[in-house]
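Shared between the two complexes below is chain A, which pairs with chain B and chain C, respectively.
Let's look at the complex of A and B:
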């Protein structure tokens, strides 16, 4: 996993590199955080403006929610790092199964 | 450590098993508990077949027949087939990947005890006012109308044992992803490990649907909700969807490990590398993937509409392709192999045509228009018994013979094993082949009797006679087990002589820490590779060092016991004043045990290098 300690035994070997990486990561996190606040504001705005049709609002805020989840997973929970292939596989498979279930419930169940 | 070889009293052994977190002992627990439930489900099957042997029979009443039929299905799927598969997964998979134990030994034990208490709870219904009687599918429109507490036993019992299954599935996923020995890449894993992996992923994704469905059912029946009641704005079809979103992957959860067991057995006794290994892996994953898109083929006649029916029909038929790949790979593995017809190999050879027959009727049933004819007839009964007995049960019997030496250090008698095999195979085909025709002649499933002079007498009589063959076969297997255990002739690492995978490189039964040094895996069938180079054992991948071991714990038992007690409280809450306090006491026991587990540090212990070196003296003869 990417967050494991260096195994070389000498802690100073890639300290410089790590520091640079951390700064970079911090920058991404701040940017994503700002973006997420912004997306949340847009979502509130979309609901707040009453004259937009629900057929636009609901898919739109769902889309914003999906983007936020992706930000959360990739930038705050480090899924963008190497060594997360198995969690990614299971996450996406689970999402697919959940999506199929919801899709089926919305389309083929008669009420 | 010398304590391992000490003779112990009965109480000490019992306490050892109640608190064990060792995957090999948990495997034995699963085998015993699953075996008992298998016999129970078998007895229920015998009652069914005796009742249906002749027309207008009154061996059992209609109501009791419904209970027996429901409990036969539920017991066999949830409490026999799956735990028995877990038994072999626990016994073999950590060894096959060269691990010291599963990733979460504590959870492994918790999973077993949850299953066990769930199963006991379900079966206590026989003594407490009647068993569930709405079929193993327990469709909500029927189960909500069922009187008494039968369905509550079903929903609460399956909920508890379902948690156990979910825990076990996650445990195997983590184990296989993280604990493979050095060199054991994904594409070097034995097929049984691969199928366990995919089946565990299916458990992870399928069981939540069952959990949700059963929660709804429990709340509808006991806590006044109306999820499935159309008169109150609910919808009864939701249960069917939730149940089959779980239920269809469930049959792959059962059959995939069976495929894995047979793949290993066939390549072992054909003394050949498995033909088309990578296509086998691909087919396994594809079956798992497609398994989630076909659940509505159980509901063709519910009225989903032609488009949905067509999509699910095509998706269902597509599954025949990866399954066909597997069938041909098994045949090509045997082709040109130097085949040794041991008992497990006999099961494997018989499995191929038997399972193909079940598969072919599966494709027939997948054709939605034709399904309107087959629906709810004995044709369906014949189909799913052909895949479940012809696939899963044959694999369980084969694995019992194949892995018995690895689990207990003794060989089951081959002669008795072959008698069991022939009786069981003949009985199985005798019982279920003719049911295809009974179904086509119009005999509906789940009826408690039939009228004379409708052409159904002979078929049903033949079917019942076949069931007795299977019963006798099972009894002979039990006799075989008793004889073998009494004789207690110990065998070495590789009693079949042709072991290919890592589990045969280690003593039978393995020492409690499994591998003294993790083995270095140099390719597919690692033990075979070493043997072909004239070596007797695996090359170690690490120097001898201290081994970290988990401590045993009684907490899993207590957590499960708490839920067991709480289930009684939940069920009798509306009838008696003591219901609610009991519910609360049960939950307090469960959460209290979890709390103790959370705050109490339990770091396990180390086996020191010196002790491991002492063990070298009595290697191979360890009990």
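Let's look at the complex of A and C:
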């Protein structure tokens, strides 16, 4: 993965290599950003111009949100890099508890 | 590596955000905090979903009468863009370019401020035009708690980034402050993660009915 310490004895060569890796990574970030904008546009369009019924629109925009959040976590927040095992454990545990909370509030608790 | 050591382009490590023990702990601790934030926001979302459109009488506004797409769209685009500008800031941090990092952080702060301004306008509009307040209905309480909590996170994130920028303005980058900038940028991305669910669950799902 990009941005790991290299063991090259020559710091200059190492620096060049890292610069290039960083530029490459930045390009992926911009592509990620473009995809996220695109997903947002689809979600707004689905609601704005949609004559489609709700049973389709709601799961569809929720799916778009989940995909966009995965992009944000794995690229913008670097969870795709090495050494992110603990962050994944923390975040997924949080997401699991969160999901159960939402599920419980929407099904077995009535108002 | 010592945190106070004066760094050069050659000695700057590839992952300055995790180069010292303090930095490693900070990184781990901050992600643990973000896991907790996920639970916190999930419980607010759950409350909102349960109390959505629960109003005492028929003359209260419901979600579908309240939300307007152009404003939400603009706020979404602003916050998403500010997430990218903070990625640029971290890119320059990794390249040991302090000036450019400060510049991109500054742009991030400006975008965050405009988001916050629009949110204040939005709440003000709901209160004065629709009499939709925190105490007018269960729907109102749940809405302002969820969206307001996110807004408070934006405000806190702005204060955080601005204090880091000012405190370190004359110091330049070091292994002491690089992890600080890095965690602040993680926090800023996380705010955008929460907003993605807010614009989908609260606003878009509110507009479909």
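Following the convention adopted for this analysis, the second predicted complex is superposed on the first by the 96 of 111 C-alpha atoms of A that agree within 3 Å, B and C clash if a C-alpha of one lies under 4 Å from a C-alpha of the other, contacts with A are read in each partner's own complex, and residues count from 1 in each chain.
The rule we apply is simple: a residue touches a chain if its C-beta (ideal position, glycine included) is under 8 Å from a C-beta of that chain, and two chains touch if they have at least 3 such contacts.
Please read these numbers as outputs of a predicted model, since none were measured by experiment.
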item	value
Between chain B and chain C, more extensive residue contact with chain A	C
First, second, both or neither for A:42, with chain B first and chain C second	neither
Which superposed partner A:73 touches (first chain B, second chain C, both, neither)	second
Chain B versus chain C as contact partner of A:108, first or second or both or neither	first
Partner chain(s) touched by A:64 [first = chain B, second = chain C, both, neither]	second
Which of chain B and chain C A:90 touches, first, second, both or neither	both
Chain B versus chain C as contact partner of A:22, first or second or both or neither	second
Chain A positions touched by chain B in one structure and by chain C in the second	86, 90, 93-94, 97, 101, 104-105, 109, 111
Parts of chain C lying in touch with chain A, wherever the complex brings them together	9-11, 13-15, 18, 28, 31-32, 34-39, 41-43, 45-47, 49-51, 54, 69, 73, 76-77, 80, 83-84, 87-88, 91, 94-95, 138, 186, 189-190, 192-193, 196-197, 199-201, 204-205, 207-209
Chain A residues within the chain C interface of the complex	3-6, 11-12, 15, 18-19, 22, 25-26, 29-30, 33, 36-37, 40, 43-44, 47-48, 50, 54, 57-58, 61-62, 64-65, 68-69, 72-73, 76-77, 83, 86-87, 90-91, 93-95, 97-99, 101-102, 104-106, 109, 111
Chain A-touching residues of chain B, taken from the complex the two chains share	173, 177, 201, 204-205, 209, 235, 237-238, 241, 245, 292-293, 296, 303-305, 308
Residue ranges of chain A touching chain B (in the complex, touch as defined)	86, 90, 93-94, 96-97, 100-101, 104-105, 107-111
